[in-house]
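Two complexes come next, and they have one chain in common, chain A, joined by chain B in the first and chain C in the second.
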Partner chain A sequence: MIGDTGILFQVAGIGIIVAMIHTVLKQMGKEEFAQFVSLIGFIIVLLFVLNSISDLFQQIKSVFFLKG
Partner chain B sequence: MKVIAILMIIAACSVVGFEISNGFARRTKNLRLWKDALRILEAEIVYSQTPIIQVFQKLSKQLPKPMKELFAQLAKEVADERGDLYEIWSEKLEDFSKISHLKTEDVEILKQFGRTLGKYDILQHEKQIQLTLTHLDRKAAEANEQNAKFGKMSRALGVLSGIFIALLLL
Partner chain C sequence: MEIIEIVSLGIVTTIIYLLIKDKQPAIAFLIVFIAVLLFFLYLMQYIQQILALIQHLGDKANINQVYIKTIIQIIGISYLTEIGSNIVKDAGLDSIASKIEMVGKLFILILAIPIFHSLIETILGIFPLS
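Right after this comes the complex of A and B.
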């Protein structure tokens, strides 16, 4: 039901690393690169969890409208 | 197996980061060495009035590693009369710029200096050397600043991007 929790840790790790890269770049005055890296990190994580999200929506649909 | 692969990816990216930061450090160091070399050159030309081949030989004895070979080769090729001093000078500088991480603008300053070498009297030479030293001072300050700023950053970014790629492939 819950599936593997590995993806959670992976996403958490990516989040931490992207946050660190963001901090380093911002400290060195490369704000635009920092924003860009954050955006890329977000998109990658989104691709990772895309399947899970679509599963979630299917579940919600099946619960409320009784179809799957 | 997986752990080894992950460690290898992180190590490779870290090495790239460290190499880049090393490049900045080496540029700073080489610019400082060039300043030393020009001061010695000035002393030899203006005060001792030594011929240029002996000046090069002296420089190759006094300076550390990368400059040593450069001046030894310069002395040898000028002694062999392989062509104009400026031709030899700029040719050797091209070779030198590949191993020393100097930027093209730094090499250009030194080439300009080489163009004046041996063309004027002692007073003009002293002026030219002072001018080149001023240029190099400016470049050295800039290189120092860049080293302090980007050296650390490229190291951190190398390690972090290694961990990032490893996490993506997990």
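Right after this comes the complex of A and C.
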């Protein structure tokens, strides 16, 4: 069984919503807010990735006796 | 048929990547990253079974546990190196990927030193020089 694939769609949703907000804010002429929204979206996605990569490294450590 | 899940995950990832690439390149790259992590997490379950088989065979053949463990650690380092260099290569940084591979090879060599040492000791034991 493949693991939690829901995270992929969550990230895709965040990406699309952030792109939409970015476009709207840019149309309104608020360039700096648009950049800020992009940055925040990236950081949120990065937190997801961080959890996932931590899981993977823990599993590799336990499977291949790489403790310490 | 678990291969269908893997193939469909790859296709879905590609479609989402193409959708987001133009608007948010950074998030599109992180989607590729997540897909790579999911693939390797999936692989780990099966690798665990294979390694259990290798350990079982080693026990049956009365091979010292230390050697089997070193070999498994070397395999683990090569997998980790592969993951890291693949992800970095996807982002287009080939030079950093080759450095990661270089360090991985060096660590494998360092892990193999004790085995090499015991091999030399054995050979010197067989031929008593002076």
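Here are some notes:
Criterion: the second predicted complex is superposed on the first by the 52 of 68 C-alpha atoms of A that agree within 3 Å, B and C clash if a C-alpha of one lies under 4 Å from a C-alpha of the other, contacts with A are read in each partner's own complex, and residues count from 1 in each chain.
Throughout what follows, a residue touches a chain if its C-beta (ideal position, glycine included) is under 8 Å from a C-beta of that chain, and two chains touch if they have at least 3 such contacts.
These figures come from a predicted structure and were not determined experimentally.
In the superposition on chain A, A:21 contacts chain B only, with no contact to chain C. Once chain A of one complex is fitted onto chain A of the other, the partner contacts of A:65 are limited to chain C, with no touch recorded for chain B.
Measured by the number of chain A residues touched, the leading partner among chain B and chain C is C.
Applying the stated touch rule to the two superposed structures, the overlap between the chain B and chain C interfaces on chain A comprises residues 14, 18. Across the complex, chain C is touched by residues 1-5, 7-9, 11-12, 14-16, 18-19, 22-23, 38, 41-42, 45-46, 48-49, 52-53, 55-57, 59-60, 63-66 of chain A.
Residues of chain C that touch chain A in their complex: 2, 5-6, 9, 12-13, 16, 19-20, 23-24, 26-28, 30-31, 33-35, 37-38, 40-42, 44, 47-48, 51, 69, 72-73, 75-77, 79-80, 83. Listing the residues of chain A that touch chain B in their complex gives 6, 10, 13-14, 17-18, 20-21, 24-25, 27-28, 44.
Looking at the complex, you find that chain B touches chain A at residues 149-150, 153, 156-157, 160-161, 163-164, 167-168, 170.
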